[in-house]
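Right after this note come the structures.
After this come two complexes, each holding chain A, first together with chain B and then together with chain C.
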Partner chain A sequence: MTEYWRWKETRWHDEDRDWRDGELITAGVDVGSVSSQAVVMVDGELYAFSNMRTGSDSPESARKAMDWAIEGTGLTLDDVGFVVGTGYGRVNVPFSDKAITEIACHARGANYMYGPSVRTVLDMGGQDCKVIRCDERGKVGAFVMNDKCAAGTGRGMEVFADLLAIPIEEVGELSLQVEEEPPPVSCTCVVFAKSEATALLREGWPKSKVLAAYCSAMAHRVVTLLEQVGIEEDFAITGGIAKNIGIVSRLEGEIGIKALPAKFDTQIAGGVGGALFAQSLLKKKLGAN
Partner chain B sequence: MARQAIDDGIVGRGNQDGADLFRVWFDGLTQAAESGRGAAYVFVMGSMAELLRTFDLPIVFPEINSLQTAVRRVAHEYLDEAEDYGYSPDICGYVKADVATQLRGGELPMGRIPKPVIAVYTNACNTYIKWAEIWERMYGVPTFTLDVPGTRAAGAQTWPGDPDFENDRRYVAAQIKELIALCEQVSGVKFDIDRLRENMGHANTMSRGWQRVLELNQTRPSLFNALTDGTIYLGVSNGLRGSGAGAQYFVELVEEMEYKAERGIGTLTDERYRLLFVGVPCYPIFRRFSELFTEWGGTFVNSTYLWFASGGSNAGFQYDLERPLDSLAEGVLISVRDAMDAMFFQTEILVEMIDAYQADGVVYHPIKSCRTVSTGLADNRRALMESRDVPSLFIESDMMDRRVVSEAQLKNRVDAFFEGLAARRGQAAAPTT
Partner chain C sequence: MFEQLRDWERNRHEYAKAWKERTGGKVLGYFCTYVPEEILHAAGVLPVRILGSHEPQDVTEPHIFGMFCPFCRDCLAQGLKGRYDYLDGIMIAQSCLHIRQAYTSWEKHRPREFSYYLCMPHHVQSRRALPFLTGELVQFKAAVEQWTGVTITDDDLDGAIDVYNENRRLMHAVYELRKTENPPLTGEEAMEMVIASQMTDKAEHNEELKRVLSELPKRQDGRQTGVRLMIIGSEDDDTEFINMVESCGATFVVDEHCTGTRYFWNEVEPRQNRLEAIAARYIERVPCPSKDWVERTRIRHILELAREWKVDGAVVMQQKFCDPHEIDTPAVRKALENEGIKTLFLEFDVTVPVGQFKVRVEAFLEMFAEEDLFD
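Here is the complex of A and B:
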């Protein structure tokens, strides 16, 4: 049976660089509700990362993500000077030296990934959305998160991909293939949204139109969240949903602001921030010694 | 010093005595229930307890009973029972727990409450009116709505001497006269103005004490945690309002707080951040909810809850015992209005609190069960952010219903809030180059 919701797990490491030439090797491990990432940095520069699904066992997910990130690099965990755990499973990263929330890590990570001009970060994650206001150093000023439902998040999108039998990577593009925008579906509850979509399919709506209605609803929901703390440019989007052009373009249209283009995998922002925090903490630790 | 304080038996006395007084109060209610006496059912915002006591009516606070089921972790049993009976999950959790209590013949974890013979309430909460109608239907008892005119617009309160205020006062005074007649009829006890005067004197002592206790918490370190300790004091402020025991309690509580202030004795938390709390506490995980903050060194130094849920006693209004009925109307008008303002016009109050209490942050806690206190909090937060550069946190859960309390989600947000506070403090302490 095809699992349309299953997104591609990825890993990368900088083959042009030898980590042995660096002094400070740090890692950030972001164990989220849907995905886990391990990011390794050498002297504050991205060296390796992995991005995979979170399993039922958070410590095991953290270990797997870390093992995969350093696979083929010759690095071992013992070579990493400091590890920061982040995400919902941050306290379940067995090899971490400190736990920091993903809110702080996403702000710091976005500062690295998009540059110091970023003032508003929208993280659209697996089971929550958050808007973070930050300064030029990536320090959090204010933040707001969505409520408890998975509607409007990555998990909600997975449910829709499965329902419509559309590979999740294609959902965004397909949702744009409509002549005019349909009215948005319900987005306060993913179960209700699914029921509504089923009814629309029965009425004869094409899949693209149903997806357009859902993406539009998700975008609008996020805009409401953005308005709670206010949007200051530059604006960046992190998390898995940042890869969905159907939501991002509708969101940009509604707020009248373009998000900065992504230079890295948008899902690793929390891990990047964690690794950067780890670098600062390692410096402090070494200085103290 | 701490050892000396413990030996003096003063530190912690307010918490211990508060718990003891509650036990005695509930024992009295249980006895009343068992002997078939009927009670006056009232609410915290404008209980009229000083008047009702003159008719020898046992006083029942259903809001306090309901929150006690949550603190004692049995609220879900009561909520389920009321929902099985037909009440929607979206209805106020306090109401539903009370409905189940009535269905159980008044049985509560703390004892048994008598049935009502009268319900007295103000318009401070719109649910009060519909809630009392339930008892009216269940028991056929009279219900009395004391309509208290509120503030018409932010900062537009009127005061004694102003023609608008005098109109409002006369309006409330006329209603109180009607209430007295109804109470005489229900209780069979003739109204005694000297007893009212005595009870109002006790209420004066309590209000004065409550205001002083809150004011003393401006001390650094703070003397009590407004979320936890404060709720105990609040319970006495409401449950024993207008009684000699309540007055004595507040005299001693002020003494305890002054003792602690003079000696620099704070709470058990190593106070690193002074916080203000907006809304109603999360009673289903009351202790844990507080720990989410104290683990980071966060102490709540004041809260809007201690204002509105005390029926405005925080304002310290003093009745003029020479003209009890007029003064009662004036006090109810000012205090209940203040309680409503603490919900509906919070920005000004919070700005004052931030300055007076040197607060490092503000925690907003809207709850699913109560839209009255929760509506508008997001807007209020934005308004506050525009007038003061103080970090704020917005977390949502419930005062009664464990099903809508997600501890992991709360912790995530609380941790991030403190990380932000720590970073902010670090930046402020960093040398400028």
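Here is the complex of A and C:
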């Protein structure tokens, strides 16, 4: 059976550099509810990362992500001077030196990935959404998170990809192939929205139209979250949903602000922030000794 | 040091049952801190506050809407489950409609020998509130006398006022110690102390407070204070939440809750007419937001507390669907933020999702210490 929800796991490392030339090697490991990332930085520059699905066991997911990130680089865990764990499994990263919340990590990660002009970060994760306001160093000024519910998040999108038998990477593009924007589904609760979508399909709606209705409902829900904190430009989106053009473009349309273009895999922001905090902490540690 | 107070807080039902057995007196459960307990105490009645138990329950659904606040549903559940069956009476002083619904449903489904609705005025800022409430208290006193068969004299009222005022002064004295750089008690202990006072005979509570106060200033437990926090909001007896926050590198040094300062902040000032003196105390006390209008007087009080207790940040919480607090929350947060005090807003339910709250709390605390995480 085709697993339409299954998004592509990725890894990358900088083949033009040798980590042995660097001084400070640090890592950030972000164990989220749906995906896990390990990010290795050498002297504050991105060197390697992996992005994979979180398994049922958080310590194991952290270890696997780390192993995959450093695969083929000759780097071992012992060479990494400081590791920060983040994400909902942040206290379950067995080899981490410190746990820091994904809120702080996403702000600092976005600051690196999108530049210091970022003031508002929207992280659309696997099972939650958060809006973070930050300064030019990526330091958190205010934040808000959604409550108790997975609507408007990656897991909800996975359920829809499966229901409509559309590979998840194509969902966003397909949702834009409608002549006229349909009214959004009225339920953003994943379970109820799924039954609503089933009813729409039975009424003869094409899949693109159903997806359009769902994407716009998700975008709208996130906008209400953004409005709670207020949006200051520049604006950046992190997390898996940032890859979904169907949601991003609707969101941008509603708030009248364009999100900064992504130069990196948007899912690694938490890991990047973690690795940068790890670097600052390593410097302090070395300075103190 | 706080073992006895904690024991009373945790084993409130056992305490009340033992008290009844020991004294042969009557126990009355009350739903809101606007109930003038002095009058009950003067008649030899033990007033105990009805609070929830923070367990998921399925007994209130037929009686009270799901969009009523979780606290009033949790309270009603205790009655419907028979956990307060030792009560001889129940009463409420009008505050919000949600908790009144819990009271009326309790009255219907778990009737006691005495039940009283005290019409506490809403518009406490009106000049007419004091004569109005004084009149209501005359009726209330007569009802208590009829129920208990006790005639309440001025001497009885003076005695009760003394005991209650002493209790308020002693709790103030404990709170004073929290102003220090390293408070000798946690916010959890302070909350347990105040809740225990709502569950026990105040004279007994006073003796325990005196004992605690004789040792407390010397207490050295090596605990790091961390970020100095204040907690503000609706009814809150969630000691587990307080404990979680205080285990993340912070200490609650003061609060603005009806399970905290709002309950005991004001004393009864003596007047020739004792009932008028008691009425004045409840009219002039730090108000519940359901009564704090036209002017929002509470905000001034909150800012004073924040300043005097040198607060760095504030957790502003409310029970989900608590309309009076919902209306005040934006103004409270704005006032604090204007003073440079960061705020974290949380909505409480019967059970608190600890994991979800923990990430918010940790991220909030990181905002104070984040400088250490940068170059």
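Methods note: the second predicted complex is superposed on the first by the 287 of 289 C-alpha atoms of A that agree within 3 Å, B and C clash if a C-alpha of one lies under 4 Å from a C-alpha of the other, contacts with A are read in each partner's own complex, and residues count from 1 in each chain.
Criterion: a contact is a pair of C-beta atoms (placed from the backbone, for glycine too) under 8 Å apart; a residue touches a chain by one contact, two chains touch by 3 or more.
Fair warning: this is a prediction, and the values are worked out from it, not measured in the lab.
S.K.: Which holds for A:K263: it touches chain B only (first), chain C only (second), both, or neither?
M.R.: After superposing on A, A:K263 lies clear of both chain B and chain C.
S.K.: Touching A:R202 in the superposition: chain B (first), chain C (second), both, neither?
M.R.: A:R202 contacts neither chain B nor chain C.
S.K.: Touching A:K8 in the superposition: chain B (first), chain C (second), both, neither?
M.R.: neither
S.K.: Looking at A:F143, would you say it contacts chain B, chain C, both, or neither? Reply first, second, both or neither.
M.R.: A:F143 contacts both chain B and chain C.
S.K.: Can A:L281 be said to touch chain B (first), chain C (second), both, or neither?
M.R.: second
S.K.: From the superposed pair, tell me which chain A residues show up as contacts to chain B and also as contacts to chain C.
M.R.: Shared contact residues on chain A (touching chain B in one complex, chain C in the other): 88, 100-104, 139-141, 143, 145, 147-148.
S.K.: Going by the contact rule set out above, which residues of chain A touch chain C in the complex?
M.R.: So the residues of chain A in touch with chain C come to 88, 100-104, 137, 139-141, 143, 145, 147-148, 277, 279-281, 283-284.
S.K.: Taking the complex as given, what residues does chain C use to touch chain A?
M.R.: It is residues 347, 353, 355-356, 359-360, 362-363, 366-367, 370-375 of chain C that touch chain A.
S.K.: Which of the residues in chain A end up touching chain B in this complex?
M.R.: Those residues of chain A that touch chain B are 88, 100-104, 128, 139-145, 147-148, 228, 230.
S.K.: Quick check on the complex: what are the chain B residues that touch chain A?
M.R.: On the chain B side, the touching residues are 378, 382, 385, 391-392, 394, 396, 404, 406, 408-409, 412-413, 415-416, 419-420, 423-424, 427.
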